[in-house]
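What follows is subunit A paired twice: with subunit B in the first complex and subunit C in the second.
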Partner chain A sequence: MYYLGVDVGSVSTNLVLLDKNNSVVEKIYIRTKGSPIKAVQEGFKILRDKYDNIKVYGAGATGSGRHIAATLIGADAVKNEITSHAVAALEIDREVKTIIEIGGQDSKIIILRNGVVSDFAMNTVCAAGTGSFLDRQAERLDIPIEEFGDYALNSNIAVRIAGRCAVFAESDMIHKQQLGYNKADIIKGLCDALVRNYLNNVGKGKEILPKVFFQGGVAANKGIKTAFERALGFEVIVPKDYNVMGAIGAAILGREIAEKEGKTNFKGLDLASSIFESNSFECTDCSNRCEVVKLHENNRSIGCFGDRCGKWSNRVKAI
Partner chain B sequence: MKITAPHLGNVYIAAKALFDGLGIEYIMPPMNNKEALEIGSLYSPEEICLPYKIMIGNYIQAIEKGADTVILPGSCGPCRFGKYAEMQMNLFNKIGKDLNFIVIDAPTDIGIKELYSRVNQISKNSRRRKIRQVGALIRAVKVMNLIDEIEEKAHYLAGYEVIKGECKRLLNSCKRDVLNTNNPRDMIGILEEYKRKLDSVKIDKDKNPIKIAIIGEIYTIIEPFSNLYIEDKLMDYGVSTKRRLTPSWWVKDTLLKPTKLNSLEIKRSASKYLSIGVGGHGRECIGEAVLAQKEGFDGAIQIFPLGCMPEIVSKAILPTISKEKDFPIMSLVVDEMTGEAGFVTRVEAFIDLLERRRKNVLSRS
Partner chain C sequence: MIVGIPKGLLYYKYYPFFMTFFKELGLEVVISPDTNKGILDEGVKYCVDDACLPLKIFHGHVAVLKDKCDIILIPRIMQVRNREYICPKFCGLPEMIQNSIPQMPRIIDKPIYAGTRKKLYSWAKDIGRLITKDKSKIKRAFNFALIEQDKYKPGYNDNNQGLTVALVGHPYNIFDKYINKNIVQKLNKLGVGVITEEFIEETLIDEEVKGLYKRPFWTFARNSYGFAANVYREKRVNGIIYISSFACGIDSVVIELIKERIGNFPFMTLKIDEHTGEAGLDTRVEAFVDMLGRGVI
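Entry: the complex of A and B
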């Protein structure tokens, strides 16, 4: 008995396979690189090569690409990232009170009380402090992103960086570099600035109580983790599968629904070899001018998205 | 004279009824769309609130269809809306487009004589007799009340319907069909027919759906394009929604304002948290949140445009209400940069939060 979760995010596409105890059997982390369909297929190829004969009894999709992923794989549950992350964290520990989740383009805070989400917030205006910004800075400083956090730990003095806006943070970093500060101190300053920015914007007005879970790709960055601990004054826990928590939540939610319905819509691992094509057009039937995306599998249309009236999306469902 | 008016929810239906009844040519701007917003953002100051930008788009698209006069309800300054008319006149002068403005303000602000002369600017174009003009006005008000009633019913019943999507389909075809006639009497007939149809929608009374109150700044909650069609989405999710602020509520509220007897229930409910008006509908927002909790709603969603002054005040008060009454409230800010993906994620997560809260309460008791 296996359950599959797919999390198609802006930067990475993650797949997890859970067994009947909801423990992770396999996790796959692929860079989305702007083509979610290809990323999902790539993941399925890896799964198919490794687990050819297994049967998947339920599947779920989440992430910003959840709708396209759900149509692609035949997901039983399509859930937003906030719920998925909360479900996954609660599966590990019922005592979690706060989840800090920083992904490729989003940062979120989820407040849990008595095992349910009681409040949440997402970054609204700027993406400073999310994974893709850190990625870019690592690249600019010529440091592999995996080692980025360790640099911060080697520093004793943080350089103060303006972290509110990604563009200004970058110019401030360059300015400090030109003044001659060393890389480690600048990186530590950046980590502190991003944490400050997170707590002042996303976390504004929220009661952050321990236990705190730190999830999402950025949790790999030890510099950010310690900066959070310093700012909050208590331990921040990074769960073992921090980078695929969304996918784990999706798999659990997919399992719940498949068990309730008594069947799964999952299409099987063979879609790795299907040919997918998508095209988009602007519907001109009314003044809403929706941008509609049509998805084809082996020249058969399998789904439409983006229309408001449901004319296109319902048509394919009917087939 | 070819008259137009900016969009505000379903007001265009009543406007059409009024001008058809008066026999004055009415140019309805194309329904709010991305292009209108793009045009509006191009000409408007960047910091101005979203409604202003969409309205500029409406005017320009209406001019393209031949309009030369715009009718705008003024308000002489409860918030930035009070400056809209003056700023927009100025703007059209600057960009060299001819557009005549007729601003309808309350007599307490401009005097009854001035109001009469402004209304006369419109009514003098009507060849109908005075008594028929009054009849047209009465019928237009009736059309407005009817469409508001229909919409309210559809939004509420969406949570109870047996055939999924029936309420939304009826509401959409109602809005389409009502425009097919140029006779206000027929419009009323069509609306009444749809009201009956909605009454006979098969409902499941045992369903107990999630109920959400929509509160906040009046334009962004009434005009679906500006809030990324949140009410339609909630109907799709099978959520019952209620929104107290409607065009018909606004007319009633404005007419009663001088007597101070307007929206008593809302003001009374707000008094513990906000006892004075803070401009716009900030006080109403607070009152509605308190009322929604009292009426057994699961949560409330506050929507307002970026930079809206009154709603920022209420946004700061809402967490206190939320905490004291254990009532989830989510605030959503909209402007031309609002990305749909993040918006939908928040709405979905909020519904999940309400659903799981309910399950949790049930399992604990």
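Entry: the complex of A and C
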């Protein structure tokens, strides 16, 4: 018995396969590159090649592209990222009280009390501190992103970097480099600055209590993890599957719904060889002029997206 | 003569008054269409960059309306309640428009003090005189207009669903479905009913506001704070959603006041500007509803 979760974000598309104990059997990470359909199919190809004859008993979709992904795969559950991340964390540990999630392009904080989400905040505007920003700085300093965090651990004195905004942080770093500070100290300073920025923006007014889980791609960065620990004064836990927690949550939610309904809508891994085509048109039925995207699987239309009124997205679903 | 009324800002609250008044005076009234992408684009093009979204949208409405009328109403609403004021941006609205949008028709920009009937009548007399010499006709138009305004009861009061939220914010953010991306419909679909400040009696709002260390200077602040505090205290709702304009000074103060008052009660702010994406807003709304429903399925 397997359950599948798909998390389609703007930077990456993650797939996970869970077994009957909700343990991760497989995780796949693909760059979305603006094409969620291709990314999901690519992931399905890998799964199909490796797990030819398995049966999936439930599937869920999450992430900003969750609706398109859900139509594509026949998901049983379609859930927002907040709930999915919370479900995945609680599956590991019911005692979690705070989730810090920093992904490729956004960051969130989720406050849990007694196993229930009690508050959350998201930041999708400011790039400072997200994965893309760190990638860029690593590149600029000519350090592989995997080693970026370790550099910070080698420093004893942090250089103070202005972290309130990505543009300022970058120019401040360049300035500090020109003054001759070494890379390790600058990186440590940057980690501290980004953590400060996170706590003052996304985390503003939130009561951050342990246990804290640190999830999302950026959790791989040890420099950021220890900067959080310094700022908070207690341990921050990075769960084993930190980078696919959204997909895990989606898989669990998909499983729950499929079990409740006694069946799954999942269309199977063969989807990998379907031909998907999407075309878009401007609806002129009212002044909103929505750009509606129509999705076809093997020449059969399976869904529409992008309409504000729901007249297109509802219509196809009914077929 | 054709008078144009832009469908923006406090139009949503007071259009029966203005529309009836001008119609009764014998004018033809044209109104801009519901906000849409074209109107937003026009607004962004003309309006100063750092203004809030509702102001930009108002500019857009003026831009699409200006060639369809001989005279256009740019309501310089100063006051709708005694000893309180409207956002300072309203005071300078006609100047903003005239400096930003070329080839404007004649505009009606006389300050409107609607704190008392008498003050409002003095506005009506002055404007009426531009159109007719018949004083009794003006008086009649004014009376009719007030009657129509009284009959008009905007707002939502739906607590027949599984969950109920209070939707707080300036009237245009609540009633312009383009600005708020149809949030009421979205919530309804998720099984959530919506109530708005119009359905809490003024006296109850006043009661809550008394608890503040200082009487609010702005009517918007008074309404939003009083409404939120009341639904919280009387447990009328499961949560509160505040729709806020990016770069609005009043909102930033009121949100802090509300948060201080309601402590841990479920509260979410949706900050909206022209860059707000629908997907991000959906995620927030859905996650909030999940949370209220003690949502981990």
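Following the convention adopted for this analysis, the second predicted complex is superposed on the first by the 317 of 319 C-alpha atoms of A that agree within 3 Å, B and C clash if a C-alpha of one lies under 4 Å from a C-alpha of the other, contacts with A are read in each partner's own complex, and residues count from 1 in each chain.
Note that a contact is a pair of C-beta atoms (placed from the backbone, for glycine too) under 8 Å apart; a residue touches a chain by one contact, two chains touch by 3 or more.
Just so it is clear, the model here is predicted, and its values are computed rather than measured.
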Clash or fit: what happens to subunit B and subunit C when subunit A is overlaid?
clash
Now for A:Leu90: first (subunit B), second (subunit C), both, or neither, which partner does it touch?
second
Does the superposition put A:Glu256 against subunit B (first), subunit C (second), both, or neither?
second
Does subunit B (first) or subunit C (second) touch A:Asp185, or do both, or does neither?
neither
Which of subunit B and subunit C A:Asp7 touches, first, second, both or neither:
neither
Looking at A:Asn288 after the superposition, I want to know if it touches subunit B, subunit C, both of them or none. Which is it: first, second, both, neither?
both
In the overlaid three-chain picture, which partner chain does A:Ile82 touch, first (subunit B) or second (subunit C), both, or neither?
both
Check the residue A:Gly115 against both partner chains and state whether it touches subunit B (first), subunit C (second), both, or neither.
both
For subunit A, what residues appear in both contact lists, the one with subunit B and the one with subunit C?
64, 79-83, 115-120, 122, 124, 205, 286-289, 308
Please give the residue numbers of subunit A that touch subunit B in the complex, ascending.
64, 79-83, 106, 114-120, 122, 124, 205, 286-289, 308-310
Note which residues of subunit C are touching subunit A in the complex, please.
33-34, 36-38, 178, 181-182, 259, 264, 266, 277-280, 282-284, 286-287, 290-291, 294-297
Residues of subunit A touching subunit C in the complex:
64, 79-83, 86-87, 90, 115-120, 122, 124, 205, 253, 256-257, 286-289, 308
Spell out the part of subunit B that touches subunit A in their complex, as residue ranges.
30-35, 165, 172, 229, 232, 319, 328, 333, 341-342, 344-346, 348-349, 352-353, 356-357, 359-360, 364
